[in-house]
Amino acid sequence: MPTDHLYDRGRGQRIGLDEAVFCLSKTPQQIADILAHARAEGRRMLLTRLDPEKAASLTTDASMALDYDPESHTGILGAAAPMRRHKGVAIVTAGTSDSAVAREAARTLAYYGLPSEPFADLGVAGLWRLLERREAIAAYPIVIAVAGMEGALFSVLAGLIGSVLIAVPTSHGYGVSAAGRTALQAALGGCAPGVLTVNIDNGYGAACASLRMLRAFGAGGG
Amino acid sequence: MPTDHLYDRGRGQRIGLDEAVFCLSKTPQQIADILAHARAEGRRMLLTRLDPEKAASLTTDASMALDYDPESHTGILGAAAPMRRHKGVAIVTAGTSDSAVAREAARTLAYYGLPSEPFADLGVAGLWRLLERREAIAAYPIVIAVAGMEGALFSVLAGLIGSVLIAVPTSHGYGVSAAGRTALQAALGGCAPGVLTVNIDNGYGAACASLRMLRAFGAGGG
Amino acid sequence: MPTDHLYDRGRGQRIGLDEAVFCLSKTPQQIADILAHARAEGRRMLLTRLDPEKAASLTTDASMALDYDPESHTGILGAAAPMRRHKGVAIVTAGTSDSAVAREAARTLAYYGLPSEPFADLGVAGLWRLLERREAIAAYPIVIAVAGMEGALFSVLAGLIGSVLIAVPTSHGYGVSAAGRTALQAALGGCAPGVLTVNIDNGYGAACASLRMLRAFGAGGG
Amino acid sequence: MPTDHLYDRGRGQRIGLDEAVFCLSKTPQQIADILAHARAEGRRMLLTRLDPEKAASLTTDASMALDYDPESHTGILGAAAPMRRHKGVAIVTAGTSDSAVAREAARTLAYYGLPSEPFADLGVAGLWRLLERREAIAAYPIVIAVAGMEGALFSVLAGLIGSVLIAVPTSHGYGVSAAGRTALQAALGGCAPGVLTVNIDNGYGAACASLRMLRAFGAGGG
Amino acid sequence: MPTDHLYDRGRGQRIGLDEAVFCLSKTPQQIADILAHARAEGRRMLLTRLDPEKAASLTTDASMALDYDPESHTGILGAAAPMRRHKGVAIVTAGTSDSAVAREAARTLAYYGLPSEPFADLGVAGLWRLLERREAIAAYPIVIAVAGMEGALFSVLAGLIGSVLIAVPTSHGYGVSAAGRTALQAALGGCAPGVLTVNIDNGYGAACASLRMLRAFGAGGG
Amino acid sequence: MPTDHLYDRGRGQRIGLDEAVFCLSKTPQQIADILAHARAEGRRMLLTRLDPEKAASLTTDASMALDYDPESHTGILGAAAPMRRHKGVAIVTAGTSDSAVAREAARTLAYYGLPSEPFADLGVAGLWRLLERREAIAAYPIVIAVAGMEGALFSVLAGLIGSVLIAVPTSHGYGVSAAGRTALQAALGGCAPGVLTVNIDNGYGAACASLRMLRAFGAGGG
Amino acid sequence: MPTDHLYDRGRGQRIGLDEAVFCLSKTPQQIADILAHARAEGRRMLLTRLDPEKAASLTTDASMALDYDPESHTGILGAAAPMRRHKGVAIVTAGTSDSAVAREAARTLAYYGLPSEPFADLGVAGLWRLLERREAIAAYPIVIAVAGMEGALFSVLAGLIGSVLIAVPTSHGYGVSAAGRTALQAALGGCAPGVLTVNIDNGYGAACASLRMLRAFGAGGG
Amino acid sequence: MPTDHLYDRGRGQRIGLDEAVFCLSKTPQQIADILAHARAEGRRMLLTRLDPEKAASLTTDASMALDYDPESHTGILGAAAPMRRHKGVAIVTAGTSDSAVAREAARTLAYYGLPSEPFADLGVAGLWRLLERREAIAAYPIVIAVAGMEGALFSVLAGLIGSVLIAVPTSHGYGVSAAGRTALQAALGGCAPGVLTVNIDNGYGAACASLRMLRAFGAGGG
């Protein structure tokens, strides 16, 4: 099968995570081929960075079966995973602009059967709202925080809760905040101890790291 | 007088601020000459960025008369200014490493007779301490906030108080926070409206901006 | 109301500024929903970074009622604020390319009932024009200076007037001046004391800072 | 007590981590004062970024009692913590130059009673050595990987093991690798899913993140 | 002939490489003129960075005769070169996104009659696949490695084989990996000795360097 | 003579400028050898970037004959050039910190027999002083402007005079102005037409460019 | 006249150069208004950065009279200037991609009646061509060199000729050469003395600097 | 043996290159231990980046036996390798400042028994000297070019000779050329085809790449 090398089917056993199909730099034909093979073998599959135009151009049977989410640019092929009996992950966002990235994380977790709860619009400019939700957030073992601009949410949250905190800087903003560099540096260089970071806009990576934790600690029935 | 051009004595009338002597790139001899002339004419004078070694190497009479502060690297020549009857400026610092810059601001204000009150160690990693002092800080019309690392203090404070807020990013920190760039970008690109910024470590500039405000609004008996 | 979290209605009391709706990263549907709720509650509202295409795509009743300005990409919902009896703010621009940002500042001030006066095309390449207007500008307590390219206007103006000076670097220019970095650094690193800076193209932020000043000093009947 | 504000004693309850004393920007006198107070109250304390010269200049009784490690620039005041009955954390280094940072992580873990095991000199240029140790490393739920230069170790390790992986880029290297930027970007932008990152040279931060995990998942008797 | 200067026909003798026509910044008319002249003189010619739109807009006879490859954006005018009796070059790619650049290298080699063999999808996240192909790759005297993101493939491969290794960083990736800078720095700053690098996405340059080697060492019947 | 290759004696004829000896990266022994050979041949010679420590370590006869200037770090071997009957070059500096670089330019001009006149401390923060000297400066065909920090002097001067204007950015300043990048970008990206730029701190280069002009236009009896 | 401030008509007297109309950030309406006023007053005018789309959208009478050049994006309103009796300026380009910028320089010179001669495709990869033209180039008092990519042409040319040399880095290239930064740094940091530089792609600026020279030295009948 | 892991003795077989000891980040004690072990086993060894101070502090027997070269900061332990019967490598330098890096390359080659010939001071500012040596250089199959500042030598040389060309950018220079970034980018982004690059100042890497070539092509009796 010529496209066989496009998908690493053995990874699941090695590190507990299937390989997602990163669609940003793949042609519609390449994606359609991958989907057709996966479907023929009855395998489930997660696709990321699949924008609506490219998704609309997929017209094969397998593509038609795709559970596609236009906000997060993700697609899931195959049956929904049974939700594990686990509290899951809290996903805190600073503003509306962070919701697409947050949803990429939530969809990735759901693909592996892990629930998540969104805590939206808790940016530090409106600190009281964040303080009101503090206890609810702190009840989760893992918190994914998604923020752009100056990324102050990461340090503030890290000083308020003892959970594992994964920062996802986002690329919205303008001027010095453009492209997410300021938020990324804030996540890395903050004053509160123990914040962990992934690449800009990488909701998928934050979810994968969460899944590694649950697997490592035998939690969530994973 | 050959060194006469080194000091712009007419500026006070034009913009309400004397020219401070920025010592970083001046030789001890140049500084001593400036001091001698100022003393001969009975003028007061503020010196900034005068490090202890250079200060110690000044041995003329005028230099001996200098009120030198080793923490902030500032020196004041001449009589202390009478303190104005004005509440003055609140100077909030995130951590111990920010105190030298905060003190440069305080000394500059004092040179012009304006009081200031320090609010120390209110970094966002210990958010409760900041919240406890919120009302006391908010009572000041002007707040200078001094912070390095990720500079989250600027956005948090801007969301908590309605005062004028001048952010002074500081150059301490390491890795991505080194040299103050992250804190500077956080001050500029933050999510809370109306934060004003000066150059990294520029406590003197924040004080000068405060003095412009007091002059512009006829406040403080300036 | 599900979109209620998209708008922080309590901020006005806390810091004296409503939350503006930053439209750059919001969908037309989200903006339309926010406008509909605000109108239903009879609240006034300021929208920024709303480009003409997105503005044209808003077709609900509330959107129709929007006072939209295509140059500054701002929209105002609700009755015009009564103009305060205050001299207001001088807004100085270096060139034609700076006028959209200047207008964002002027519209924000107007939303809060504060007048402003534009001083256009006073870039330093034509220094005499600037010198001719110096006294008129210096009569304002607050001066917002808007300039791109090398941003020399900020230092020159700061040496000429004693008013509060807020620099807004703009992103026009090319080569080394592209994206506004040179103008921003000039504003921060200039030789004249007491210049305050906001993010690149952030006319809204400069206006908000002005409003903080007027509130702090009890000026303008605010 | 005037220096009381220099140390946030309440943090332990809030987030499960005491505040470490970051000595880089503190004077010997400030450090000595903090140590004296802690000792008087019988509190334990962790100090980081305390270089040998500064450590040697501390001559008070409390300082004498410090368990100081010159390689990692850390000091521990007070009794050793009883080691928890937990497998602990694997700390993998690419080369000799990474050992000081690795040791900062190990000392921080030990301060909280958590064991760690070093896996040294496993850089990818000698891939067989890394492959030989793969199973031993994979047996740990948490792996801290410490590497400078091009940071290829992070991606390689993430593809080999399913444990939680925390990357600590280090600042050694020269030319394009100087200051750790390349290693940091490799950690963030790698091709293997679920790598988590902290600031350059931040062994302390990686340890704190590990402690958050153990606390969140109730592991290690923490 | 007015466009004669557009093409350096004497270079072949000097350095053993014809000048390729870099089409990125040439107009269709300029390209068509160059092709017409070359065809009239019976010369062969290689074109690079000719995107499909521009290629489609070429409608002269000479253009029609072009052997155009849309994936690599290359065109070859004239008869195919006879393949030399030489093992040729191994071209290893990390992922699907690297194949266009790899193909630019392969097409350039083929233009000069040198065979190449692709080794696809051997990124380090799936290390076993790379290890399985190690001996086959090591059998080639020259290996061109093409990778984006964090570029870990370069160091890993350099530690596994003794062949000449030419790294071609690619510009795909996002966040800190965008535009290929991280992969480039990894190629330059890696820990394995003797890796050689060319510009980002420069498959053509890697092929030219290979051709220099074969010529210098009298290999391949060149 | 083994060190013969260290000095290009034929350049004078080719481009009208001798090769200066750039001492920054040469050892005292190498410099002493070059001086000895030049003296033996009776040649004149200009040395740049020779700091006082290195100059003091030169103890040969030829070195003793050196006309060394510690402020500009330049040395001249051989007889003084007869001053040409030409008005020469105006050298304008913004502040005291710029005088060493200005003097490097003046010494280079003097080495070739060209006079120069310093116009000191004319930074734009004190604009009136600059305006007072405008006519005197404008009388020179060539003006070298030396400034650090935000480099506003370049644009202001270019708008005031019609002379050739060569900008020399200097590396003093701190924060965003550190290392001269902001001043350099201001020189390149300014709004006034026809400003020419050389490298940061390159007074020697500005002088050489002036000498090219005088030679090209047959001016100054050169 | 409301748009009167858009054009500085007094500059010609001050510095010998009219103000060109920089069209990049002006609307078609603004440009049309400026043209109409200039025509009504019988003034000549130079427009730069006027792209073909914007030029085509200008439909007033004055716009119709514009001498527009689509390659250089320049327009000239009014009668052609009589060519001065002066050898003029040599304009050397490295490759085809540099010709648009070279032509902006040539058109600016022509606007002021100064001839120029193009020396095309003399990049250093084909050094012999450059050497063949050396004497012809060296005969010009002023040489404008236009090059992108690595900008080696600037240093090579400066070592070959004694004329005034103005480097114009161009923004074509890819990878590390993208946007012209490498060529700019090569122009500034080269090893040959006396190279002068303007902003990336700034052919207009190089021409203005040439005109300053001719005016300053009384050459060209200017 | 506890320090056994500090040195990878198996690498020679795998890739044909022993592991050199990179001393920059090793303590004198670590280096002395490595030397002692190697000597005890009768192994030869190459040390790089060993500065004179650290070298002088090595006082064990093995250290005494070291063939140390202070210019290149390299040391060789063990008998000199017999020189192979091979023409070897040409090493071209632009200026005196590049000689230390060139010598690191030459010493590395000599360690493996490969001769090299230096071609010194052939920077492009004195192009005739380079042209005079062209044929002599072109006679070598491999040419290592070492240059700092603007790195124009790389492109010029690549256009003149057909040999394999390895560029080593060096870190000398100032202003925009500081730290070698401009020379590196010139090597990567140049206009002549087939230039290969290594990290800044990496003479060792260029030599290792040369050794890979000789091994791959069975040349030099290696």
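Labels for the chains are A, B, C, D, E, F, G and H, by order of writing; each one numbers its residues from 1.
In this section, contacts are C-beta pairs under 8 Å (C-beta built on N, C-alpha and C of every residue); 3 or more make two chains touch, one makes a residue touch a chain.
Every value quoted in this text rests on a predicted model; they were computed, and no experiment measured them.
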Where chain F and chain H overlap in contact partners, by chain label: G
Reference chain C; chain at largest CA-centroid distance: H
Chain C-chain H separation of Cα centroids, rounded to whole Å: 57
Centre-of-Cα separation between chain D and chain B, whole angstrom: 36
Mean-CA-position distance for chain H and chain G (Å): 44
Separation of chain A from chain G, taking each centre as the mean of its C-alpha atoms, in whole Å: 50
Multi-partner residues of chain C (at least 2 other chains): 11, 19, 125-126, 158-160, 175-177, 184, 188-189, 192-193, 199-200
Chain pairs that touch, as defined at the top of this document: A-B, A-C, A-D, A-E, B-C, B-D, B-F, C-F, C-G, D-E, D-H, E-G, E-H, F-G, F-H, G-H
Residues of chain A touching chain C in the complex: 96-97, 120-121, 125-126, 128-129, 172, 174-178
Footprint of chain D on chain H - complex, ascending: 5-6, 8, 10-11, 19, 24-26, 30, 49, 171, 179-180, 184, 199-202
Chain H residues within the chain E interface of the complex: 11, 14-17, 19-20, 141-142, 158-166, 184, 188-189, 192-200, 204-205, 208-209, 211-213, 215-217, 219
Contacting residues of chain H [partner chain G, same complex]: 94-95, 123-127, 149-152, 154-156, 158-160, 173-177, 181-182, 184-193
